């Protein structure tokens, strides 16, 4: 398991999935998809984006994307392009790939370690649209797909508040405090009134995690 | 910012339906009952005679038939009165002669070039409302069919645009299938028609034990039916009487 | 050999071909292509238009088309759509297929029996553009490919005069007179000053014709 | 009408060149010498490390590299100073980390989405100046790269347009070839890149006795080179010193 990936992150992400046509980034996102398929979502269909025809004809039919990013901001916008200014970046990232069109059309679950450098008020570059800058923005620019529905980290789960489009804390993993999460979040993080604790792994999940673990 | 967040335990895709495997082997009649309704728009790319026979028996009406060339099976379907509208680029039999029932039929027609229709299928497959091609230039087709002009935003060049085809159902033919629904020979325009359509039936001449996994990323719910080579009816009137019996 | 197809027609058409990427209609056009390949043009590459990818990606690379049509007119325009008015035709033909884009981009050799009903002053419907109505018309509408270079019949060969874009008689098959050709041509047919007689079949051509004949 | 016709014995395609068979088996170095020049625009889809090594040894300069993801081989090529311009959608190694030489390089860049580049290849393959997609919407990419808007002439909807890619040469990888130049596994974006390019080299890992005839209608002069799996250089500096020796 790579740094910042915790079993609770995989569990919390996997539990969001019910089925459907899915693509996932390598690493934790794919581990979460496989965990879901091995437990409660056997009908989850995992596509390989390298399959011929995927980009122009298949991608638009994807229902769920599990992805990661270098930065996520208060509106769930994602950055995998550059840190700093686009023309003179302090760091070049891995690029857009399929992320922009996936975030436009599918429901997106974002997995990444909860660190202050990644959870920024505003991403340096919008590689893929979350809520942009407010609750009506996606529709206004013509994004009719769902977009990011959850950001799952090693500390908890954030989801967009439909009223504001801002990410708020909805789930806390066992042993984590709201203060810990806020300390690693670069904006004044709201906490849902319905904040729940992530349930510990069931026997089936534990078996699948052990079986499919690295 | 709201004090009381309305975010609850939203779940991704909470519908209770499950995704079927990519393809399901089906009996031809069952597949057609499930897929084709009166008024359906049907992409018809290589459908065998048996499909026309089943649809004619079912007295399906008012179909829009889209085909590069409807072939003999499409000609029978038109002859049986199942079709109200034809979108084609050619209407010729294997002998090169015009398809007789189609030539005589009183149906609405939209004539295209073969590349125009292939482009329209590709656009449908890509979820776009139109496709672009170099075509129709200097022809009278351009004046009678649905073709428009788009300007390249980079070079200023004018090109032809055709409306996408996104049919209710695609009925296409491939060589073989296996029992898991993998299909051999679903390529080219037939493949694009499957991607463009809401649902699809692939007819195959043969079912074999095992084929390589078919790569149609994103296509769910494909039906596959084995259809034995059915002879071309020697006598259209007899065929029509038989299906109407 | 179907009605109106003569060995001289196949020979005259085949001799026009030097090589290149070619598609041909069934019947006489394909017979002419095969004859050329079997004799002086072994590098002629005959494509099957049903090959996956041909229509959107392959057709534009075709250099030579051998085709037939129901009507050809004084400017080499071709009709395979309808006889009579488009909205109330007296006869429906087999349709456009690949002919319009082939006539736009490739050099076209048209083969058809020389009959008055087919050789009309103006086609009822322009399915594929020849010279349209004059020598500058193809360039004016944006047709930059060669288009029809010859109409080969059972009587002779007609080619467009570059000065007028009108088809003129350039070759007469053995035993055929200019008067015979004019009697079967629906416009006042000009005769080239360099009118030649079609050479009789060479031994190699005769062997190929016999070998590949029906 | 002229009295004296100027029509002579015009012949179709009277050039004396003959068309080569669809594909020719070639040694890698010969193929690259024939295809790649300083300043060439190269579609780079799966090219193995050995191709980068040969080009770096040849001290090729000022390439424009177009790739969905240049991969380790593209990273070496950039590291060797062969590339002036990068058109990519991703720059990641198999481990998911950013390609280090590309991240650090001082080259001109044009960033796209993967579907944007696939659409640009498809447009190039179709001989069009631009391709249409649903993409780039709501992103900052749309503000920094070559993407424009086209309006559907039928529905009025606005869509993204990308300039076509029509490279001087495509270097793509496939699984196997046979001695006649038939290729197994030339599909998807690699296939479209071959159609979009003026000339193309297909590298294969293996040459076998006989494969089904490859169907690339209209593609003439394809070169095929067998390239044994070359290891990824463990030490970039040592590799660079070696190719510059």
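Chains: A, B, C and D, in written order; residue numbering restarts at 1 for each.
One rule holds for everything that comes next: contacts are C-beta pairs under 8 Å (C-beta built on N, C-alpha and C of every residue); 3 or more make two chains touch, one makes a residue touch a chain.
What you are looking at is a predicted structure, and each value in this text was computed from that prediction instead of being measured.
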Moving step by step through touching chains, the smallest count that connects chain B to chain D is 1
Taking each chain's centre as the mean of its CA atoms, chain C sits from chain D at a distance in Å of 37
In whole angstrom, the CA-centroid distance of chain A from chain C equals 61
Chain A and chain D have mean C-alpha positions lying a whole-number Å distance apart equal to 33
Multi-chain contacts in chain D, i.e. residues touching at least two other chains, fall at 126-127, 133-134, 191
Listed in rising order, chain A residues that touch 2 or more other chains are 49, 51-54, 56, 59-60
Chain-chain contacts, ordered by label, are A-B, A-D, B-C, B-D, C-D
Within their complex, chain D touches chain B through residues 123, 126-134, 146, 148-155, 157, 159, 161, 163
Per the touch rule, the chain D residues reaching chain C in their complex are 1-2, 4-15, 17-20, 22, 125-127, 191-192, 195, 215-220
Residue set of chain A touching chain B in the complex reads 16-21, 42-45, 47-49, 51-54, 56-64, 107, 109, 149-150, 159-164, 166, 168, 170, 188, 190-194, 196
Seen from chain C, its contact residues with chain B in the complex are 25-27, 49-56, 59-60, 81, 86, 91-101, 104-105, 125-129, 132, 137-138, 141-143
The residues of chain D that touch chain A in their complex are 69, 88-92, 96-98, 102-104, 111-115, 118-119, 122, 133-141, 144, 158, 187-189, 191
